Amino acid sequence: MRLDPDPRLAGAPGDPRDVRLYRRMRFIRRFEETLLSLFEEGVLNGTTHACVGQEADCVAVIEHLRPGDHIFSNHRCHGHYLAWTGDAVGLLAEVMGKAHGVVDGIGGSQHLCAPGFKSNGILGGTLPAAAGIALAMKLADDDAISTVFMGDGAWGEGVVYETMNMAALWELPLLVVVENNGYSQSTPIRLNMAGDIQGRFAAFGIETAHIDSTDVLEIDAVAARQVEAVRSTRRPHGLIIDTYRLCHHSKSDDNRPEAEIAERWTIEPLVIHGRRLPDDVRARVDADVEGALNEIVARELS
Amino acid sequence: MRLDPDPRLAGAPGDPRDVRLYRRMRFIRRFEETLLSLFEEGVLNGTTHACVGQEADCVAVIEHLRPGDHIFSNHRCHGHYLAWTGDAVGLLAEVMGKAHGVVDGIGGSQHLCAPGFKSNGILGGTLPAAAGIALAMKLADDDAISTVFMGDGAWGEGVVYETMNMAALWELPLLVVVENNGYSQSTPIRLNMAGDIQGRFAAFGIETAHIDSTDVLEIDAVAARQVEAVRSTRRPHGLIIDTYRLCHHSKSDDNRPEAEIAERWTIEPLVIHGRRLPDDVRARVDADVEGALNEIVARELS
Amino acid sequence: MLVRELNAALHHFLETDPRVVVLGEDIADPYGGAFKVTRGLTTAYPDRVLTTPVSEAGMVGVAAGLAMSGYRPIVEIMFGDFVSLAFDQIVNHVTKYPAMYAGRVTCPVIVRVPSGGHRGYGPTHSQSLEKHFLGVPGLLVVAASPFHDPAAILGALLQRDEPVIYVEHKLLYAEPIVRPDRGRVGDAVGREGGSPGSLPAVTLSFVEPADCTATVLAYGYTALLAMRALEELAIEEEVFAELVVPAQLAPMDWAPVLDSVDRTGSLVTVEEGMAGWSWGTQAAADVGALRFGRLRHPVAVTASGPGVIPSSRARERQVLVGLDQIKHAVREACR
Amino acid sequence: MLVRELNAALHHFLETDPRVVVLGEDIADPYGGAFKVTRGLTTAYPDRVLTTPVSEAGMVGVAAGLAMSGYRPIVEIMFGDFVSLAFDQIVNHVTKYPAMYAGRVTCPVIVRVPSGGHRGYGPTHSQSLEKHFLGVPGLLVVAASPFHDPAAILGALLQRDEPVIYVEHKLLYAEPIVRPDRGRVGDAVGREGGSPGSLPAVTLSFVEPADCTATVLAYGYTALLAMRALEELAIEEEVFAELVVPAQLAPMDWAPVLDSVDRTGSLVTVEEGMAGWSWGTQAAADVGALRFGRLRHPVAVTASGPGVIPSSRARERQVLVGLDQIKHAVREACR
């Protein structure tokens, strides 16, 4: 669903697919970067979790969802929300605590709700709710699917496993997308997880695809398969995307090796996919996004 | 450890191993049957979960534990308690709510505590405590191990997975013994569990042995290996024993097919292992157990 | 019998309201649930009645998803003691969604918690943990009572949008439901009343209200104990008090309580939960403030323990609120 | 600053008490915990300081096992809002073991919960959930305060055998600790006192206690707000009240409160938690009963909401207890 968003951000009519995907990732990237700088300038307060570097996941997966489907997201939900709704105004206003924010400024950065979309900052606890939404879809007997985004760290929460078990037992149309950026806040996955994520799905007999990529086209292909698999088989499936967060976990809490981060900047989604576009096209899209976002920010800050 | 129990129950000096194992299983069997008939007669109240049919697990595993080790048990804990302590008097008194019960009549059937032994009726929640005890052993740097008994149904609880993850990550000397009797209260495992128990351990990289047997000698051999593995490697291990409960879940709540139950009576631990003993020996042991238990019951009821 | 009426009510609402879904452990036939409240449901409505794994948090979370999708999930927690495992789902999910999403959704989950002691089930299977859920913003805490029609209560709850914890004391299952009828409640004088928007409270006494010199506020099984206490006190000691039995524990509708207290000038609260920050303390705070200077005695909050509930029946009786404790409190309050 | 003093105290007790173990999410260096209370600990004591997976229930359960084995685990719940996930471990495990095992074991787990709002963190990262743990049999609920030495409090708790929930309001981390010293607490007249066996309460006022006409009972960050309120009321309006700040919230030692109330004849309680069955209601019930007929006004329970805590700072301020609300309540109480 779309809250009639600005085509310069969510996708202009006649955009070839490559351009469209780039535009949508660029939109999310620049929205997050704008938000972070507004925080630095002290214009915003509270907290936020940007998804800089993970835009390809949001866009590639949500490309394949349609009205009637549902997305349950976590604390790092801006990319998912923007990819689903294109609603930059509502999200900026929400983070600014304004009455015309997505949820009137009450929920803030991690607690969003729009038709077919919800998020909650309590890790793991969103999974059974997403399964319940899938159960509702099963009872309604249509072909809608329920998608839930989680990170690697959320696998610490027991309720995640309770949900996997029920979703598999009851054959619920649930797609569990794991954005594995290798860190849970400050903690590298090796200090937080024994075994691996594939094994966690396998334990419940849930078919899972795993991809280590920041290339939106590669992810798009796998996501298409998994979304279609849930839609047609009406059984839960997993999609593990190994990715990387280029920004702080929240606002100023990054202890990762600089070299590690620097290297990931060379293979981030915009770099990889941007190469595929002619320079002038990319420049035009970048200008579109910049223009649209600047207008929105100017309006909201005035 | 032993609370100087009656040798006729816990093992007489000079018992050959076969006889000892039989005696200890017979003791548990007859204790539980006695308890159940006392409930039927209305002498006892409250609730209880007998382990009739599962005696081989208790005895075979606990044979290999030693003073300094710790056992955390669940609601179906009598067999584990008796195998560890031999304390029939304390347990009977406890279930009768007497002041000289194991825990003064406060805990009752499912909440026992003795040196190196604890149980709690809240499913799954005992696992992190058992892991914490294992962590204490790791910090103390001795060769003690922490053993926890759980059933197939307890795998529904999320905290079980939180524990598996920490135990594997932190390399804790924890042995998780799963007594898989195929039912969670009234619910057959196929309605409660997607995938299988082996897969649940594998998800965390925990090495596990699986045996489908009610033969105390077969279980004894596998249990010996797993206990030794935890003791020497100081890493968590699993032991899955497929077994069967011949009694009600609790007191009068059995809806399983009669034929299924009848068939399992033909391969229950005492039948299988009893065959190995000469009739006169078996008769003498049976008489020992009967005599000792009758004395205890008479004393406690008077 | 409460258990039969609850079971019939669940059958009725599954039959008449396609939004109703029932979830719980071991609720499938032929077993039909630990206390048989759900007997027959999986047979009659296999699609909308699901027996779940032993996953209290998970099943309440699934119910949250169903509820936000327009369904009316009713979750059975086998023993109320285990609702502790769903505390986060209730506090940070089910009750949060409607408010933190600025009213964009409702999350009408009904969580049934068979609770209470007096059965020798011991420390982890006998508790009344509802006090810990009182004052959770957006949550209704409701208790089955010997004087409230469970079908009417469930029906009213299914008309509302708030999430609910519905407390069922195990000892009430085998008890008959006595409904207020033409000014009487069984052998007592009584009626139903309360403010619009709240579930009704039942007020009863063994003499004319005007002759009562204390008000007793009790719910669930303790309401039955309190009624016995009042009957014995009336007959044996000519001590007369009025009993107010609310169905809704939180938020609390004080109107029926104040109505009685304004006659009697004295209030005793009774609950089986453990003393200390318990249900009755709010009555002491609110009624004490609303009728400041007009009560003959401080509000007497009567509760159990505090402590664990022993499995020994003799010791259990010492810990749980009982008839004598209630009679003593009422005697004092009537002075 | 509280954060530095807590950090130093943890270093000290890890150094001097080999039984102390610290567990929590993201507490490892260089990050050193979400609020830096645990900074440096994993470097100095790698064996006894463990950064855990995101498993609140599991880590408290592990702590229970450690505690029953003779250790003194201190668990950090990153945000107090998440202690809801450990509710079952605290209610049915940690606090149950000592009592249901008839005293055969102790289970001295200390659970630290950084809590509270005023930071715009929104509905799930701003709560003060401690009220739901009040009255759990066998559990101590303790709160860091601007006037209590955290090292002394932690030291006292490590000498005791009860499990503890230790509430740390996030806004106190950056605040200095002002200790009672020779009859003064900063600019105020004040002293420490209380009954043996309970943690001490700090009592303070800006005029002589004899001149105070109301008692304000507040803990944690609201104690700081209350102090400001009293200072402004004293200077701007010549309204004088005495502030009592307990470290121990449950069980409650009423002695210092009664001592003050017997002078002032009026009581206001202040807490950031949501109204309804909150901490202050027990004060209303107990002090109201203990001093029945001797108070000029009903006990005024001052709390937040009820409702969710909005992330919008403007809306958050409307929900959370603030200076004006406290001043208003104190003004009324002083009349």
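Should a chain be cited, it is by its letter among A, B, C and D, assigned in written order, with residues numbered from 1 in that chain.
Assume contacts are C-beta pairs under 8 Å (C-beta built on N, C-alpha and C of every residue); 3 or more make two chains touch, one makes a residue touch a chain.
This structure is a prediction, so every number in the text was calculated from the model and none was measured.
Chemist: Which groups of chains are still linked by touch once chain D is set aside?
Modeler: Take away chain D: still one piece.
Chemist: Measure off the straight-line distance from the CA centroid of chain A to the CA centroid of chain D, and report it in whole Å.
Modeler: Going by mean C-alpha positions, chain A sits 38 Å from chain D.
Chemist: Please work out the Cα centroid separation of chain C and chain D, and write it as a whole number of Å.
Modeler: 31
Chemist: Roughly how far is chain A from chain B, centre to centre by C-alpha average, rounded to an integer in Å?
Modeler: Result: the chain centres lie 47 Å from each other.
Chemist: Counting only residues that touch at least 2 other chains, which ones in chain D make the list?
Modeler: Residues 52-53, 55, 57-58, 81-82, 85, 88, 92, 96, 99-100, 122-124, 308 of chain D each touch two or more of the other chains.
Chemist: Can you list the chain B residues in contact with two or more other chains?
Modeler: Touching at least two other chains: 104, 106-107, 111, 120, 122, 155-159, 162, 165, 169, 191-193.
Chemist: Chain contact topology under the given definition, line, ring, star, complete or other?
Modeler: It is complete, because no pair of chains fails to touch.
Chemist: Can you list the residues on chain A that touch chain D in the complex?
Modeler: Per the stated touch rule, the residues are 45-47, 97-98, 101, 104-111, 120-124, 153-158, 184-187, 191-193, 253, 255.
Chemist: Considering only the defined contacts, which chain D positions touch chain C in the complex?
Modeler: Those residues of chain D that touch chain C are 81-82, 84-85, 87-88, 91-92, 96, 99-100, 122-124, 129, 131-138, 250-251, 274-282, 284-285, 288-289, 292, 297-301, 305-308.
Chemist: Enumerate the contact residues on chain C facing chain A in the complex.
Modeler: 21, 47-48, 50, 52-53, 55, 57-71, 73, 88-89, 92-93, 96-97, 99-102, 104-105
Chemist: If you look only at chain A, which of its residues touch chain B in the complex?
Modeler: Residue list for chain A touching chain B: 155-162, 164-165, 168-169, 191-195, 199-200, 202-206.
Chemist: In their complex, what parts of chain B are in touch with chain D?
Modeler: 103-104, 106-107, 111, 113-114, 118, 120, 122, 125-137, 139, 146, 158-159, 162-163, 165-166, 169-170
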